[in-house]
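Below: a set of structures, written as C-alpha cells.
Next, two complexes with subunit A in common: one pairs it with subunit B, the other with subunit C.
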Partner chain A sequence: MTDWGDSLTIHKDRMSKRPPILQLKSLTKSFGTFNAVDGIDLDIAEGEFFTIVGPSGSGKTTLIRMLAGMEQASSGDIILSGTRINDMPANKRPTCMVFQSLALFPHRTVGENIEFPLKIKGVDPAKRRTRALALLDQLRLPQNYYGKSVLRCSGGERQRVALARALAFDPQILFFDEPLSAIDYKLRKTLEKELKDIHRETGKTFVYITHSLEEAMVMSDRIGVMRAGKLVQVGTPNEIYSAPRDKFVSEFMGDVNVIPVSMNGSRKVTADSFDKEFAVAAIPEAFSAGHLVIRPEFIRFVDKAKDADNVLEGKLYNEYALGSRIQYQVRVGENVFIVEKLRQQSSTLRRDQTVLIGWDAKDGILVTG
Partner chain B sequence: MSERSRHALIWAWTLAVLVFIYLPAMCILLASLTSSRYFLFPIQKWGLDWWRKTFDSIEIHQLFKTSITIALCVTVIAVAIAFFGALAFARYNWKGRTLFQKIVLLPIFFPQSVLGLALLLWFNAIGLQMSWMTAVFAHLVWIIPVVTLVISIQVYSFDPALEEAAFDLGASRFQVFREVTLPVLLPGIVSGSLFAFLLSWGNFPLSLYTDGADTTIPEYLYAKMVAGYTPGVPVLGTVSTFGAALLLLGGYWLITLRRRAQS
Partner chain C sequence: MAALHETGKGLSQGARNALPLLIFLLVGFAAPLLAVIAYSFMPERSFGLVHSPTLINYAGIFTGNSYISFGWSLSFAAFTVCILAVVCYPIAYGLSRVFGRWAPLLTLLFTIPLFVSENVRLYGWILFFIKNGVLLGTLKSWFGVELESWLFTRGMVLLGMVYVYLPFMLFPMTLGVSMVPNETREAARDLGASRFQVFREVELPLSMPGIMIGLLLTFVLAVGAIAEAKVLGGQTIIPITHDIEIAFTYAQNWPLGAALAVLLMIVVGTLVLLVLKRFDLDAILGRR
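== the complex of A and B ==
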C-alpha cells in the first residue's frame, strides 16, 4: 500500500518531465445548453499511453472525437506539438483513430486496408506492399493474410489489421475509441497486453478511451477518470487505485466497501450507520464529511477484537469464487461488506456463521463526496 | 402429426404457391408455341412460326427500341437521384428526416392510372409535346421513390465510421466517396438499377398516358389484346417476361459472385 495521504494532494506525475505532445486548454463541447465535455485541461506527454476512463455518457467519446477532428470543439484549445489544431480537419491532422467498430473497409483485402493511408499519400505500390508486409509481421499476422478478405478474419485478427492500418499512416498520436469492448474476456486480456507491447515497440503516443478501469489499469502510463464531461482525477494507475479522489472514482474501481462518515477528532471518524467510530491513518485537510473506502482485499477475518484497528461482528452470507481470488459477503446489521482473499488463503467458513472482520487504520481511504 | 407428414405438407404448400405464381407466365410461353392464327387450348399444332414472324417485324424492333431507351434513361437518372436521396434517407440524421422518408415513399402508393392522368394534364398545361421523353419523366416520378427505398436498405447497413476512418486516414471528401462510400454501397446501386430498369420496362399505365405517339411493349400488348390478337402477342409477352427474369437473375448472380470473390 502506498502512502495515499501524500499523493492525494500532490500529483506525482512521472510523465511530466517529458514535453507534452498534446495540450488541452479548457476544452468544451456543448450541445445546446448541455456540456458533453466541460472545460478539460490536460497535458499528454510524448510517448505516453494515456487512458480516459468513464461510464457511458461521461463525454469520453465526444472528447476523443474532438481530438481526432471528427467533432468541432465549442471552445478551448487543442494544441498539438505547439500548434493549435482546433480548425484543422481530421484528414489534415497527423493523428489517427482506431474505431470501436474498427471500420475496416469490407470491400478490401487485409493488405489493401493496411495500404489505404499510403495509397492516399501517393506511395508507389511496391513500397506500399513492403510496408504492409512489415506491419503484418509486427502485428503477429501471417504474411499470407495480405490477400485475405477482412470479412474472413476473426475478431482478434481484425483488431490487429485495424491497428496495422493506423500505424501505416504513421501518426504522431494514435487514438483508440473502445476497440476492445466487443471482444470476449480471454482474447481481450491477450490483446490488451499486445497493445501495450506495440506501444512500447513503436514509442508512439497512445490515447485510449474505455469504460473499463480494469482495462485502463493493465495498459496505461496514466489514467484520467471522467464524469459528466469533467476529468475527476488524473494519475498513474497506482495513484488512482490507492488514492481515489472521491466516492465516484473509488466505486468505479469495482467492488469496494464504502461507508458514509464524518470527522471526529484527529484520527477518528464517526459512521452513523454503524453507530461506531473507526480509526483512520490521517484526515485530509478540509475534510469534514464524506466516505471511508476500504478495498475488499484489505479486510480480513480476525479472531478477536484486538487483531485489527477496526473490528466488526457480522454473519457470513455467501461466498463467490473469482478465479484466483475468493470473495465473501458479510452482513453487519443492515450493512454489507465484501471481503476478498487469495484462493490459497481461503477460510473454511460456513454460511450464517458469526465472524469478526477487521481492517487497519492505514488501509481505509477517506474521500469527499 | 409425424415429422415426415409435416415436411410433406410444407413442401406441398410451397409447391402450390409457386405454381399459383408461375403458371400464368408458363401459359404465355405455351400460347406462343402454336402455329395456328388464333388462340386455342389445347394447342392443335405446335411450332415456332410466330417467334420468327415477330422477330422479323420492323414494328417490333421499334417497340423494343422505345422500351429499352425509356428504361435505360429512367435507370440512369433514377439511380443518380435515388442514391443521394437514399443517403439522406438512411445515412444522415437530420431534422425532418422522418417527414422526408414519408414524403419520398408516398408516390409509390399513388394509383398509377391517376398519376399518369395527372402527368398528362400537367404536360398539356405547360405545353409539352408527348413522346418517349415525357414518358421517362412520368416513370421517374414513380420509380425514383422505389429505387430510393431499395438503395436505402443497403445504406442502413453501412457503418458511417467507414467514411470517418477513410477521412481520418488522410482521404479528401471526394476520395472518401470514390474509395469507400460508392464501392461499399455498390450492391445496393446494382439492385436499384435492376429495379429501375425492370419497373420501367414493364410499366403500362404511366406510358399509356404520357408517351404520345411512341409505343412501348406493354402498350402494344394491350392494344393487340383489345383488337387484332395474334400469337405474336404471347411471343412478345414471353420475351418481355423471361428477358426481365434473366436480367434480374443475372444481376443478382453478379452481386453474389462479387461477394464470393471478397470472402
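== the complex of A and C ==
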C-alpha cells in the first residue's frame, strides 16, 4: 500500500521490548445485568501512550475509572507492575487522573493546586514551591501564575494546571478522561502536540480516553477501539487506519466509503446495491459477506474506464473545503461516494457534472461485520 | 444637547422602576427602625418623639444588670449554632449525597413542622416531657420508673432552640454541600488524600458559603429567641428579648426597650460584619 509497513515494524519492536506496566485480565464492570465494561484483556507497556477510543456509552470512562480506583471492578484483574490492585483505594494507587472537567480546586491558586499532592505527602513548603515553579515552566505557564486564582485562568491554562497537578503527584501512570473535548479546535491541536511532548519529556505511561479517533491518531503509540464494553481492535494508529477490523472501526475513522458486499470468486466481490462486481486485492480467510471499505483519498477522478481497477459513473453533487483538501460528494445511483483530493489551483470540476470515479483493487479493504 | 436635556428631566428609567419598592422599604423597614432608634434617645417613660434627646436610657443599661440578659442570649445563641453545625452537617451531607431518592421525603419531613406555629410546637414538647406526660408517664406506667421532669431547665431551652432553628441551618448547609463538584472530591482522593484530608482540604472549604449562611442565619435568629426560654425554660434564664418585651409592655418604658433593642442590633450587627469580613463570601464563591 505505502511505506507504512516499515514504520510499523520499528514501532512494534520498540514497544514489545518494554515490559507491561498495566495488565487487564477479563476486566468487567456490571451495572445490574448490563456490562458497561465486558471482559477486557489488555497489556499496556511502560512509557506507552495508549489511547482508548470509542463513542459515548462504549464504557471507556467506566474502564478508566476502574483503573484509577474510582469504580470497583465486578470481576477480572487489574495488575500494575505485577501486583493486583483491584482492591487498592484510589489514594493509594500510584496513578493519577486528569478529569474531563479538570476538577481543579476553585478555592485555591494555581500554585496551591499544583502543590496539592505534595502537601498531602507532607513535603515542606519550600520544596513544594520549587517543584510547582518547575512544573509551571515545563507546562509553558508564566512563573507569576503561581499566585493566580485558577478561576481567572483561560481554558488552555487550566488544562496545563491540571496536568501540572497530576505530574506533581509523580504517578507511574497518568490517566486522561477526555480532557480536551471542551476546547476549541485550534487550541486543542496545540494542546495535543504539547501533551505528546510532555509524554516524551517525562517518559511516563499515558492512558488517554477520547471519542475522537483523529485526536487518538495524533498522539498515540497504540489505540484501542472500544464498542459496547469490548475492545474491538487494538493496534498502532497505522494498523487501525490501514487495516480496520470491521465496519464499526472503519467508520469510526471518519468519512469512509462502505459498500455491503458478498464474496464472488478469488479476487472479486459482488455489491448488490450497485449490481456490480468489484475487484479486490485480498480476501480475508473465511470471508463470505461483509463490507468493502475505501478511504476517500484512494478514490480518484478518472478519464476512462480503464484508468482504475474499479470505475463507476456518477454525478458530482457538492464539494466541501477541508483545509488542504477538498472533499467531493459524488452520487452514483442511490449511493453517495466521498472523494478527497488535495486542493489544486485549477479545478475543472463543476457541480452536476458527470464524472468517472475509480479506485484500485489494492485500496479496497474487506471487513467482516 | 438633547441627551443633556433628557438627563435633566430627573430620574433614570431604572430609578423610576425601583421607586415603588424603594418607597415600600422606606415606609415598611427603614421608618420603624428609625423610630426605634429615635425612641432610644427619649427620656424615660415618654411616649412621644418631641422631647430633647438624652442618653439616660443607655446610661441606665450600662449601670444596670442588663448585661446578664445579653450574656444569656448571646451564649445560648452561640451554643445553639455550635450544636446545629455538628448535628446538621452529617444530615446535609446525607441529603445531598447519600440518601438519593429518599432525600426529598426527608426534606419534606424537616419542612412540615415549619407550617405549625413555633409556640404550638414548643407546647408539644411540654406535653412530651411534663411529669406524667408522654415520656415520663409511659416510663412510670410501663416500667414503674419515676424520673424528675427535665422541663424548665437550661438544657431544655437549648434543646428547644436547636429544634426550632434546625431547618435554618440544615437547608443552607445542604445547598453548600451539594455545591461541591463531586469530581473535586475524586481528584483530591486520586491525588493521595485520605478521607479526612478530602474533607478538610476540599469538602469543607467548598461548602463553606452554605455553612456560613447557615451559621449567620441561625445565630441572628437565635439571639432573638424568646419563646423557648419562656415556654420550656420557665424563666430559668431571661434572654435580652424578654427584657425588651417587658420594657415595652408591663414597664411601659418604650425608650428603655428601644435602647436595649438598638444595643442588641449593634452587638449582633458587629459580630456578623466581623464574620463576613473574615469569611469573604464572594471570595469563597469565587466571584473575584
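Basically, the second predicted complex is superposed on the first by the 352 of 369 C-alpha atoms of A that agree within 3 Å, B and C clash if a C-alpha of one lies under 4 Å from a C-alpha of the other, contacts with A are read in each partner's own complex, and residues count from 1 in each chain.
The criterion applied here is as follows: contacts are C-beta pairs under 8 Å (C-beta built on N, C-alpha and C of every residue); 3 or more make two chains touch, one makes a residue touch a chain.
What you see is a predicted model, and the numbers here were worked out from it, not measured in a lab.
Peer 1: Could you classify subunit B and subunit C on subunit A, in the superposed arrangement, as clash or fit?
Peer 2: Overlaying the two complexes on subunit A (C-alpha atoms) leaves subunit C and subunit B clashing.
Peer 1: So in the superposed three-chain picture, is A:99 touching just subunit B, just subunit C, both, or none of them (first/second/both/neither)?
Peer 2: both
Peer 1: Quick one: is A:328 in contact with subunit B, with subunit C, with both, or with neither? Answer first, second, both or neither.
Peer 2: Neither partner.
Peer 1: Is A:90 in contact with subunit B, with subunit C, with both, or with neither (first, second, both, neither)?
Peer 2: Both subunit B and subunit C are touched by A:90.
Peer 1: Taking the superposition as given, does A:252 touch the first partner, subunit B, the second, subunit C, both, or neither?
Peer 2: Neither partner.
Peer 1: State which residues of subunit A lie in both footprints, the one left by subunit B and the one left by subunit C.
Peer 2: Shared contact residues on subunit A (touching subunit B in one complex, subunit C in the other): 68-70, 89-91, 93, 95-97, 99, 101, 103, 105-107, 116-117, 120-121, 149, 151, 165-166, 169.
Peer 1: Along subunit A, where are the residues that touch subunit B in the complex?
Peer 2: Interface residues on the subunit A side: 68-70, 89-93, 95-97, 99-101, 103, 105-107, 116-117, 120-121, 149, 151-152, 165-166, 169.
Peer 1: Considering only the defined contacts, which subunit B positions touch subunit A in the complex?
Peer 2: 159, 161-162, 164-172, 175, 179-180, 183-184, 186, 262-263
Peer 1: Could you pull out which subunit C residues touch subunit A in their complex?
Peer 2: Within the complex, subunit C touches subunit A at residues 181, 183-184, 186-194, 197, 201-202, 205-206, 284, 286.
Peer 1: Okay, in this complex, where on subunit A does subunit C touch?
Peer 2: Where subunit A meets subunit C, its residues are 68-70, 89-91, 93, 95-97, 99, 101, 103-107, 116-117, 119-121, 149, 151, 165-166, 169.
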